[in-house]
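Presented sequentially are two complexes of chain A, the first with chain B as partner and the second with chain C.
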Partner chain A sequence: MKRLPTLLALGAAIAALALVVVPGRSQDRPDGDQPLPERGVVIEIDSPERSLYKIAIPNLRGNAALGSSGAEVLRNDLTLVSLFQVLDSRSFIADLEREGLNITASPWSAVGAQGVIKGEIRGSGNQIEVEMRLYELARGTTATLTRTYRGGQGELRGFMHQFANEVLRQLTGTAGSFDSRMIFARRAGPGRKDVYIADWDGHNVGRVSDGNGVNMLPSFGPGGIWYSKLTETGMFITHSNASGRRIIDGEGLNMGPTVCGGRVYFTSTRDGNSEIYSAATDGTDVRRITRHPAIDVSPSCGPGGQIAFVSTRHGSPQIFVMGADGSGVRRVTFRGEHNQTPSWCARGDQNLLAFTGRSGGFDIFTVNVATQQYTRITQGQGSNKDPAFSPDCRMIAFASSRGGIFIANPEGANQNLVIRGAAETLRWR
Partner chain B sequence: MYRQPTRMHVEPKDWTPPSALHAAWLTGAAIVGGLGFSGIFALVIGGIAIGYAFFGDVLASVATEDDAPPVVEEREIIAARFVKLGRDFQQELPNRRVPVQDTAPPDTTAISQNPRERREMPDAGPRPPNPMDDPMTRLLNRADLFAEIAEQREQEGSPDGIEEGTETTASAGDVYAGQLYVFFRRGWTVPETIARDQLRDLNVDVTITVGEDLQIQSFRTRGESANADFDQSVIAQIERLRAQGVTIPEPPLLVRPDYVGTPFTLRFRGRHASQP
Partner chain C sequence: MGMSSGGGGGRAPMGEINVTPLVDVMLVLLIIFMIAAPMMTTGVEVDLPQTRAPRMEMDEEKLILSIDADQRVYLGVDEVPADELEAALLNNARLQEESEIYVRADRTVPYGFVLRVFSTVRQAGIEKLGLVTDPAGGAAEIPGPRMPQE
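Let's turn to the complex of A and B:
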């Protein structure tokens, strides 16, 4: 009994010690997830400005001509996507010969670079091997991205586009679409119009249609490039691998195909009024999708099976959206009196549609169909029509009376001419 | 003749206060009176009860219209749906938003290197009286002056506040903290390659030590965000300010010990980044 008070006191002391020591240990432990205790004043600084990512791209090592052209492809890609400021190579102070494929941080930091891309072309004859590296100075002098490509010299542009896609994935989390292509129609002479395909940056322009008659309203799809061909009695739909065969035909006009979900959606006047129809990709199983006395044209496949189209059912041409079976028709443009040529952003989370609107002249707009926020892409810059989003929705292409196909970012900035010459009804994939 | 007072004899019972527990025997009259009163009281209460039971039914049978319970008619209740207040319907397509071009030279110095310098401007002297002013003009001018004063008096916040402020009253510490917010934020940029939804959740702490000369002596980052480019943008911002030798705004005496010679923390957060 005499020891009881002593034991109680000892127990109380141990308990008190535990209460002090345990929390103290958690405070002193440098846990990355647990903030250190605040000392003194804390001021929150937010609302930073945004700036372009400064990146340096010296010419590729190895073959001088190929190294220069390869680097130029990269510089062009990263400049047009409106996320990068490609530094002038004349400002570089680094000893490129001594560095080789590696980098030293200080000379690149001195010119303001946040990233550096280096590459080397090895091999001879027609077979080359290209090693590419990306350095992010914020992460040190070890390459954060390394790729090697093998193939013919003619594939160098493709290698550079692929590497640029990977650079975007590394830095932003989403790959780029620099290896994509555009299709469009172009008047080739009196009574003649052809469908063309080109790299998105304007290289490798080639004709798709057979060079006869009027070919227009192209679209990507299984079997090649789908387009409409004018005849003396109407129009039919074919594609580039059909050797001129009429895939979808009927009375009147059959035009403007867009392919998604294994079906082709197109405009037809076979029933006496312009309506939207769908068919299997072999032209069978034709179904009427819209049933309205107004004019319904220009179907455009979108994310989630949505179909955008133009209709005059509310008095003036406006853009509507419906399901793949024609259900749930709802209007999505409520500003302007003449809106047409809808084109979806393929990323479903964006809810973006680009279209041609008439406000003075023809200009390019985008609308968020969920929030009804409109953005004007062009104004006072000639006549601009037929927009198309890039597959990653980072760029919008459109035909402009300023001399060809232009590319801009989704806010309308950084507009650049990429394909010279008249063009219409663009698609981009 | 004086008489010797006699000794008073007091019994204990004389000091005992009267108590009901020590009641004396009741007299006959008291008993009769008590019984009589009880009987009368019982008769009165009983009579009231019997009377209410009888006459209450009679009164209820001749109730007036005001006393009749209301007749509830069953009817269908239709929930009303109200139209919400909407915004003005915009008919026209919008104009293009052109990014503001910053044509001013880069702001390499946040504040004066010598904040204590003051330039004394020469006094222009009193304004000469204009003999053409008529009383009505003077009255209108005076009214404008009062209107301007009233307008100033109605403004919220503090003339020493910042545009980004949200509070209308401030202590010296809050006002100065706002000035430091502007000082350290100016010129801070993050690269476009950081997606907006990621940028919103990025933050990094920097502990700053400022010397008596109000220049940044040292700084240290505490932890890191999930994006190295974001961290680098913060480091670059602090390094730029330190390399330029700029001085922080003069702190009020009351809060000076919190900022001069004592480390304080800046928490850089990527939220509310500017639109491109």
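Let's turn to the complex of A and C:
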């Protein structure tokens, strides 16, 4: 009976998950085809995957090695996004040779599949053509989504991510963001820190900064990846296509850029105290937008040009939000003694902000700034910091002392390590 | 439960039922029930035994495992090679969820073979197993052992 608490936790987590799963296509039927039982809400603790969309993804045809790795990209994407149960291919009983790119319904419904993804790779080397199909068994055996991609073998992962995006659009009405990337800073040696970029699923990790000195606090922006570089007397802001040029410089520390509405927001100590400033993307027209004797740091651009930042003006570090010109400052975190590193969900309708909260250790939380509803993403499993939402807000990444960058769903379930190695201050786009 | 007696000598009464043995029993139990097949249109040709099984409404949605006269096993209408059956059942998401399967075995299939399939079904964690029989004429006749000349 030792498993019961685990099952309960899992069940509760998945029950929460059910709220975001839209198994059918129609937005006006959010309960899918399972109305709530009359006797009240039942939490299934013994079959927690019940509300996930069951999808079968056999290896792509045409090329054994590529077909297997391509299907694996799709399986990984759809598993990590927490909306699908990817069925075990050992259960498949369909005659894949005979079916080809088509399907017959019975062997797939016999293994519980609600959807099937088939694909075929033709050609080789730099000229491959990949045909992908999605079947929804409830809608018959005609593909409901078909895409063909052409390019080199090296683009196969990208094709799979793009198709996974389309699958989500087809099944939920909102595309996925599986072709996105993360940037982060990582200690590269004694006295050295560099900015890195990687596919969100941990592939193609590459260094962005020049490999000298301390480079940190990266952000996506025009011209490439913006970041801050330490000098002997302070910090300046540059980006990946600036050839080391100082875009924003000045007395003291100039750091933590975030770009929105054609302007760069950053923290600077040029006037003696840490305040938030904005500048044009060429570094001119610097304007100070916070005026308070307390510390103001970590600006983060959000939907509609709102800027979230951290301030100690009420005593302890808390998250505040203001307009792009510094007007309308309001506090948005009212729980915990120490909240930092805010990061927005880019979807304006969600009003979601993720942040790091400190209570003993560090953990990840989200707050709906409209309703003040808090969600705890991590529960003290190591130290967890610096969250970032995926562009579609279906996943949250964070740096964990458990071994690298983890992602979780917005309820904190389905936590998986995607990028190994120390990392900090991540951004995802 | 807070029934411990501070420094006491005697044994404190047990405050709760020990459910472990019950759970163990549940785990090995395979619920077998018999159902009379309605007009079956599964596509796999099986000559079902005739019985007077009580007429249970058959849930057409449940997965059917058929064994034909040549001892070939089918899930739905698709044949599953014998060496892949266990993996196919064990990893089948629908079976794991429903935990119930109907078996249609041809009347000529040896008992030993059917039992081997049952055992595979149980190892796959399926607890309810419906034996599908043919109700046609079953009200009058209970089939006995067959004579060789038949």
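Operating definition for what follows: the second predicted complex is superposed on the first by the 378 of 429 C-alpha atoms of A that agree within 3 Å, B and C clash if a C-alpha of one lies under 4 Å from a C-alpha of the other, contacts with A are read in each partner's own complex, and residues count from 1 in each chain.
Keep in mind that, in the parts below, a residue touches a chain if its C-beta (ideal position, glycine included) is under 8 Å from a C-beta of that chain, and two chains touch if they have at least 3 such contacts.
Keep in mind that this is a model prediction, so the values were computed, not measured.
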Query raised in the report: Touching A:365 in the superposition: chain B (first), chain C (second), both, neither?
Result: first
Query raised in the report: By residue count, is chain A touched more by chain B or by chain C?
Result: B
Query raised in the report: Which partner does A:91 reach: the first (chain B), the second (chain C), both, or neither?
Result: second
Report task. Could you say whether A:106 touches chain B, chain C, both of them, or neither, answering first, second, both or neither? Result -> second
Report task. Could you tell me which stretches of chain A are touched by chain B in one complex and by chain C in the other? Result -> 47, 49-50, 54
Report summary line: Residue positions on chain A within touch of chain B in the complex are 32, 35-36, 38-54, 82-84, 114, 136-139, 171-174, 334-337, 357, 359, 363, 365, 374-380, 409, 411-413
Report summary line: Note: in the complex, chain C contacts chain A through residues 19-20, 23, 63, 75-80, 84, 87-97
Query raised in the report: Which of the residues in chain B come into contact with chain A in the complex?
Result: 89-97, 99, 164, 177, 180-181, 184-185, 187-195, 198, 205, 222-223, 228-229, 231-233, 258-259, 262-276
**Report entry** chain A to chain C touching residues, read off their complex
**Finding:** 1, 47, 49-50, 54, 85, 87-88, 90-95, 106-107, 109-113
